[in-house]
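A single structure is presented below for examination.
All chains are identified by letter, namely A, B, C and D, in their written order; residue positions are counted from 1 within each chain.
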Amino acid sequence: MKNSGNIIKKIILSAVFPILMFVVMLIITAGNEKCYINGKLIFLSADLVRQVIINSCMTICVALAIWLQLKNGRFDFSGGASMILTAIIAGNVGLMTDSPVVALLVAVITGIVLSCVTAFVYIIGRLPIIICTIGMTLLYESLTYLVSGGQGIRIFYSQAHTSVFGRIPGVLIPTVLAVAAFVLFTYFTAAGRKGKVLSNNQRAGVNIGIDEKKNVFVTYIFTGIIIGLAAIVYVSQHEVAPQSGLATSGIMFSYIVPVFMGTFIGLASCDVVGIAIAAVGMEIMNYGLNCLNLGAGGWQQIIMGIFVLGFYAFSAQTDRIQAFMAKRKKAAKSA
Amino acid sequence: MREKEKVTPADFLKQHVYDIAAYAGLIVTFILFLIFSGSRLSYNMATVLQSASAYSIIALGAVFVYSMGYMDVSVGQQVGVYAILMIMITNAMGGTAAGVAAGFLVILALALLCGAFNGAVAVWLKLPSIVTSLFLMFFFTGAQLLLMESTGTNSISIQAVIKPADRNMYNVMLVLAIVIVAVIVTYFFKFTKLGKYTRGIGANEVTTAQCGVNTTKWKVIAYMAFGVCVAVGSFIMLTRTGSAGKGTGSGYAMDIMICLILGGMPLSGGMKSKVSSALVGTFTYVLLTNDLTTMGVDLNMINFVKAVIFIAIIMVTCRKKDGVLPR
Amino acid sequence: MKKVWKKITAVLLAGAMTVLASGCGNSGGNASDSSSASSDSGAQTSDSGSAPAAEGKACTIGVAFYTDTGFAVDSTKAYLESLSDTLNVKFTYTVLTQTDEAANLTKIQELISSNVDGIICTMDLGMTSIIQECEAAGVYLGGYLCDYDTSFNTAYDQVFKSEYFVGTATDGQNPDDVTIGNTMFESLMEYNERNGDAPITHVSMAIFPTWAFPAQQIGADQFVAAVEAYNETAETPITVDPLNEESDVLAFAPIDTTYFAKHADSQAIISFAAGSAFVYPTMVQAGVDSSMKLFTTGYDGGEDANFGTTGKGTYQQTMVTAVESVTYPLVLLLNKINGAEFSDQPAEAERISTAQYVINSDEDMAQFQKSCFYTKDAANAMYTPQDVLNMTAYGNPDATYADLKGILSTMTIDSIK
Amino acid sequence: MAEATQHELVIEVKNMCKNFGPTRALRNVDVSFYRGQIRGLVGENGSGKSTITSIISGMQKATSGEVFYKGAAWNPGSMVEAQKAGISMVLQEANTIPDCTVAENIFAGRFDEFSRFGIVNMKKLNKAAQEILDSFGISHIRAADSINRYGFEDRKLVEIVRCVSDDTEIFVVDETTTALSMEGRQLLYKLIHKLKDNDKSVIFISHDMDEILEQCTDLTVLRDGEIIGHLDRSEMDKPNAEQVIRFMMVGREIGDAYYREDYDSSHGDKVALELKNVSLGEIKNFSLKLHEGEIIGFGGLSGCGMHEIGRIAFGLEKLESGSVERNGRKIKGCFEAIQSGIGYVSKNRDTEALILEGSIQDNIVLPSESELSRATFISPKREKQMADGEIEAFRIKCGDGRQWVNTLSGGNKQKVSFAKWTAKGSDVLIMDCPTRGVDIGVKQFMYGLIADMKRQGKSIILISEEMAELIGMADKIIIMKDFAVTMELKRDKDLSETDIIEYMI
């Protein structure tokens, strides 16, 4: 009984962020005349739900791919590049075969292959992960110019029958698969458990008998699956041009905020839920900003920056807050 | 008690393999440069000098930050905003020399402020300094867009003469600028507390702090030193075109990181950090890009070739021999 | 020891790869012996007094694109390469940024370093310093697909009066003679004629910021004026949502889904901004691609799948600049390099509007699909290599500047072979 | 050389050498281990005990020599390989994995045994882990709990549980007991005797002579990387066994210029460092006066709070109340501490005291840069002079000052972390376990140095886990337990370890 009560409490705690976001944006938009068309508040429309779901799904997929590596102690810079290259390959194949399902399969396979290549170079080269993945990012980005004649993929998303995974309800399929892959890996597989051990005490883990190289490979396979799924959502929603100069890291970074926020929010429940909720909250904010015409351009960047800093600064103080709370509790007890 | 060991050539190679690799990269790109520049060699030398000037000055400053094991992703946007501000201030003051000076002082002050922010706020709020620089990146991206929107054009030009009319004079000026900055940075990095402490912080922050070093203070100073170089670099970059736009400076942060890696700078910082990595890396990078263009490499292939070379070099310079995979 | 050598070999290998890769680039690009050709030209450029050969001297022209991929780039490359043998020109390419002057200057400097004799530049960013470089190196510069508006208005003396600037062929949106608003209106009328049962009566617009594309604001005003004139007599007047400064001006990011809420009654979007990249994706995402129509410019590939009555029929108009218009700067550059000049050559460089392929029906699309632009095949070009040679002053003594200018106005949808 | 002949030989080390750079840790060692034995390995720090076991159990490779395990050549590539072949080792340092459950800690290397198609059956895993814990008699540790909930001692027990399985043939206990309370020790003793009775072999490394004499069936003594001799049970039962063993270990009577010779505990009157009613966490109202020329020793089990006292005295901790003062000046951080002439040799030598990836010179001059700096300029020549002076004075074995610290042996590393403060000219030195992992020669050198410092009027806080060291060096010994002082002892010739121990446990 106590346990179920706990879960409900956790869920409510986790849900506070998007609800708060919704209320804040509602108040702001309601107070701004720009947000009314014919006396109707555009923030409160069916479009809000649709956009938030579509964009959250995209965010969740990418965020999970980033988080899976981070959780295992590696910061993988190349995730964005793998995703873009996968998206271009899968999109072109999907266009050729006229089948989104084939595209999905190709995306997952390509994602796995690229991730394995990254893992291979990492293991063989014994390079620090950031430097290694910067190199792989440059390589994958350069390959975006060499596949499909450097054209990227433009019309996959714009054809209704190929872009089913970019819209409701199709977008839910890759998202659910990505979440499933993440949960399966982290909470059920031996590799996930080993990864957890390695990330907490790498040397001890290796000494105890974990084959680190094998573990890295398996982790990358799962990352590859999630990257593939993220790629199919991405290519179903965007036109994908070839990239260069580590621009893909920018694409990846634009999804990284929910990762950090998610892990913090997830303290109240678990990381997957946290990331999902953070994604929803962020998208509500974005939609509200769009209603205010602040969704793009300079102000959006500045708001985003302040938001990131503020959130980070807040979450970094958790130990101070906890210490403060503990002190108060103690004081209350003794009193 | 002291036994001087004999240094064999093999040992020498082993100890200096990173340096050798970095310099080999520079030499190879330079030879290719000589071969493919053909009849316009002297012109092309000026080209390389000009495109490397801003990079090398900023990279030299970045040595302080990278030697602590930190990085700054906001540099590109800072350069952009500084260039635009410099133009706006100069033009507002009627394009006079005083305007140029005032503009430079303003961006210098801003750069120092950003340095202090990166150094101090990160410590106060217990944030990794990448987060504060991420914030600055967002902030300056926004500021750059807003500033350019306020001008109503996609490119604004400075109304003062900030570049000698004579091309040779200009090139000499650039060489002088690079040399002066390099000498100053070398001095501070090798012969003063600043460099010793930043390297110490990079190698082991706890130890350095326990040696009585106020790490917060020196972090701030290191970031500020970097800020000075960013301001100077922005000005040098501005002298090239005399104009700036929304994309000015974009990609600088990543390019400088690549330059430093190519020059053999360990991203984790520490005692192996060298000033020379900045110059070697920058010129390798600029020469490589130049070579690929003069050689007429297919546009779609250029990035691929660069990536392969980058991976080959890091395979040599960054390989770790340890029981566990490096993170 | 062994390991050390291994590492050193790796570096050298990387160097060797560079050489190899460059070899690939050369053989892929041009079959002619480039090294001798380029070194010759370097020496010959200076003595422009010598008598030009009919086929022109061997020379290299650098082409700086505004983007690295896309139909316009590929088809331009294909067309230029087809001219290479006949005109005795080798082409090398580079890509400029759209926002960074210093980066562009570097790219142009690199082109000059690789021994080009002339440059075709599709961007007007950092032009004052670029033209200085060209003057210093004795390299001529021409424009293509770009109105050089910034230079025209703020640096006319430095750029247009420079003897090294030959002029530019703009992409039909020259701020001096904007027609795009009227074109859009005509396409709308044509659509309503074809669809008399369900005409479009309410439209909204989208443009890029004025500072980047001044012609688009003018075009929008022109369109509104045309509609107002029409409404005075029409039975079913057309409503145009006035341009909302915030939501309808795209800061080079796709329009937002809230656009559709803000223009809830609109049946079609008249996008002066490149619609297939900045408007259409959002339409698909919001699910309005079958209920709303899009009149726009540019062709990125794939638009034909939903054009006119095909597919969802979202696209009802697009406009494309023919790749053959590159002949304008090319011919002027070749004249300069070969020391020849038209008898009616104007004293200062000009910017000339190119006629556009206006595609606003299924038939137009079918016609467009035969063009060099669409097929990326020079065999479909309007002008053969010999035609181009005949346009030059040295290849054809009778050729005139007026003819060359005239050619730009012929490049309409109907002239596609 | 008395060998128990009735036992079967299980592992044999022949002519083994191991060099760490210039240091020779093992010199031509021959030793055999038999089934049904608990063989103690004793010797001073750095005598090579751990080196032998770590080579046998795959942690490192021998420079030369051979090992035969069950009759075949044995050359394990990793600890994993050794463990699979039946050789398990419990290390001195904490080696559990934080943020994971106890069960995960126990089965980290063996998840696959509980997996089908790569999916781990956590229920089965937890159950198996609990069964093992129960069988070891430590049911108070719950398999499904996070390891973070348990203290150092329980974690050590989990480690032991992780190492020992049915397949274990050889079990190596490397100075594990220091971390354990009596209860934990009893558990471990029971375990090794059970293994012995099951005809397995146990290698037991400890500094606790009583423990060794009580628990081991055989004993091997090492000194400076060489086997000095073997003792069997009967020899160990002789009344003078302890003295014999000690003599074998040290090679001469203890007291000969090893520790301080004088028993003069006088010191200056001036207070060099004072802690006034300091409170931090568990430590409440702690006060201390350190005088000029005084050596105060702190003893206790790890976790008793003595290490924290060292950190507090150096200004590394933010105090809840009270103050640290030197010459009337309050010390609020290590910067002020160093400025007022305090130096600190951390017990975490490799992570706190030294920049491993830096040269000897870099390390030595780091605290003194301010003194070396002349109008911002730091002369490389003066730096080199300072470093070379210290290298010379400390007789640090190295090529030159540019050699990296991580290539040095433990003793020489420790010399470098001392040299930092002598170069700086610090008058008060706080040393936390200064002779941990240091070989006997260096140890002797250090003691000599500490004695010299006292004579020069410098003040020293000596925090140590080795009681002999405290007895041998300190003017006053403060024994701590559970973050409080349990006893203060004056320097006395007759002071013995047993006198101290009762206040520690």
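In this section, contacts are C-beta pairs under 8 Å (C-beta built on N, C-alpha and C of every residue); 3 or more make two chains touch, one makes a residue touch a chain.
All of these numbers come straight from a predicted model, not from anything done at the bench.
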Practice item. Please identify each chain that touches subunit B as well as subunit C. Key: A
Revision key, fill the gap. Touching subunit C and subunit D alike are A, B
Review point. Two chains share more C-beta contact pairs than any other pair here; which two are they?
Key: B-C
Review point. What chain is the most remote from subunit D, judged by the mean position of CA atoms in each chain?
Key: C
Review point. Hey, how far is the Cα centre of subunit B from the one of subunit D, in Å?
Key: 45
Study note, to complete from the structure: Per the C-alpha centroid definition, the whole-Å distance linking subunit A and subunit C comes out as 37
Practice item. Report, in whole Å, the distance between the mean C-alpha point of subunit A and the mean C-alpha point of subunit B. Key: 31
**Study point:** Residues of subunit A touching at least two other chains
**Key:** 145, 150, 206, 244, 297
Review point. Could you say which residues in subunit B touch two or more other chains, in rising order?
Key: 145, 149, 251, 299-301, 304-305, 308, 315
Exercise for review: For subunit C, jot down the residues that touch at least 2 other chains.
Suggested key: 68, 251
Check your understanding: What chain pairs are in touch here?
Key -> A-B, A-C, A-D, B-C, B-D
Practice item. Show which residues of subunit A lie in contact with subunit B when the two form their complex. Key: 73-74, 121-123, 125-132, 134-136, 138-139, 141-143, 145-146, 150, 202-203, 206, 212-213, 216, 244-246, 249, 253, 297-306, 308-309, 312-313, 316-317
Exercise for review: Enumerate the contact residues on subunit C facing subunit A in the complex.
Suggested key: 68-70, 74, 246-247, 251, 253, 256-258, 260-262, 264, 276-277, 280-281, 284-287, 289-290, 300-303, 305-306, 311-312
Study note, to complete from the structure: In their shared complex, subunit A is touched by residues of subunit B numbered 125-127, 131-132, 134-139, 141-146, 149, 251, 254-255, 257-258, 261, 267-268, 299-308, 310-311, 314-315, 318-327
**Study point:** Touching residues on subunit C, where the partner in the complex is subunit B
**Key:** 1, 4, 7-8, 10-15, 17-19, 21-22, 24-26, 28-29, 34, 38-39, 42-43, 68, 92-95, 97-103, 105-107, 109-115, 125-126, 128-129, 136-137, 150, 154-155, 209-212, 251
Check your understanding: For subunit A, which residues count as touching subunit C in their complex?
Key -> 34, 37-38, 42, 45, 47, 50-51, 54, 145, 149-152, 154-155, 157-160, 163, 166-167, 237-239, 241-242, 244, 287, 290-291, 293, 295-297
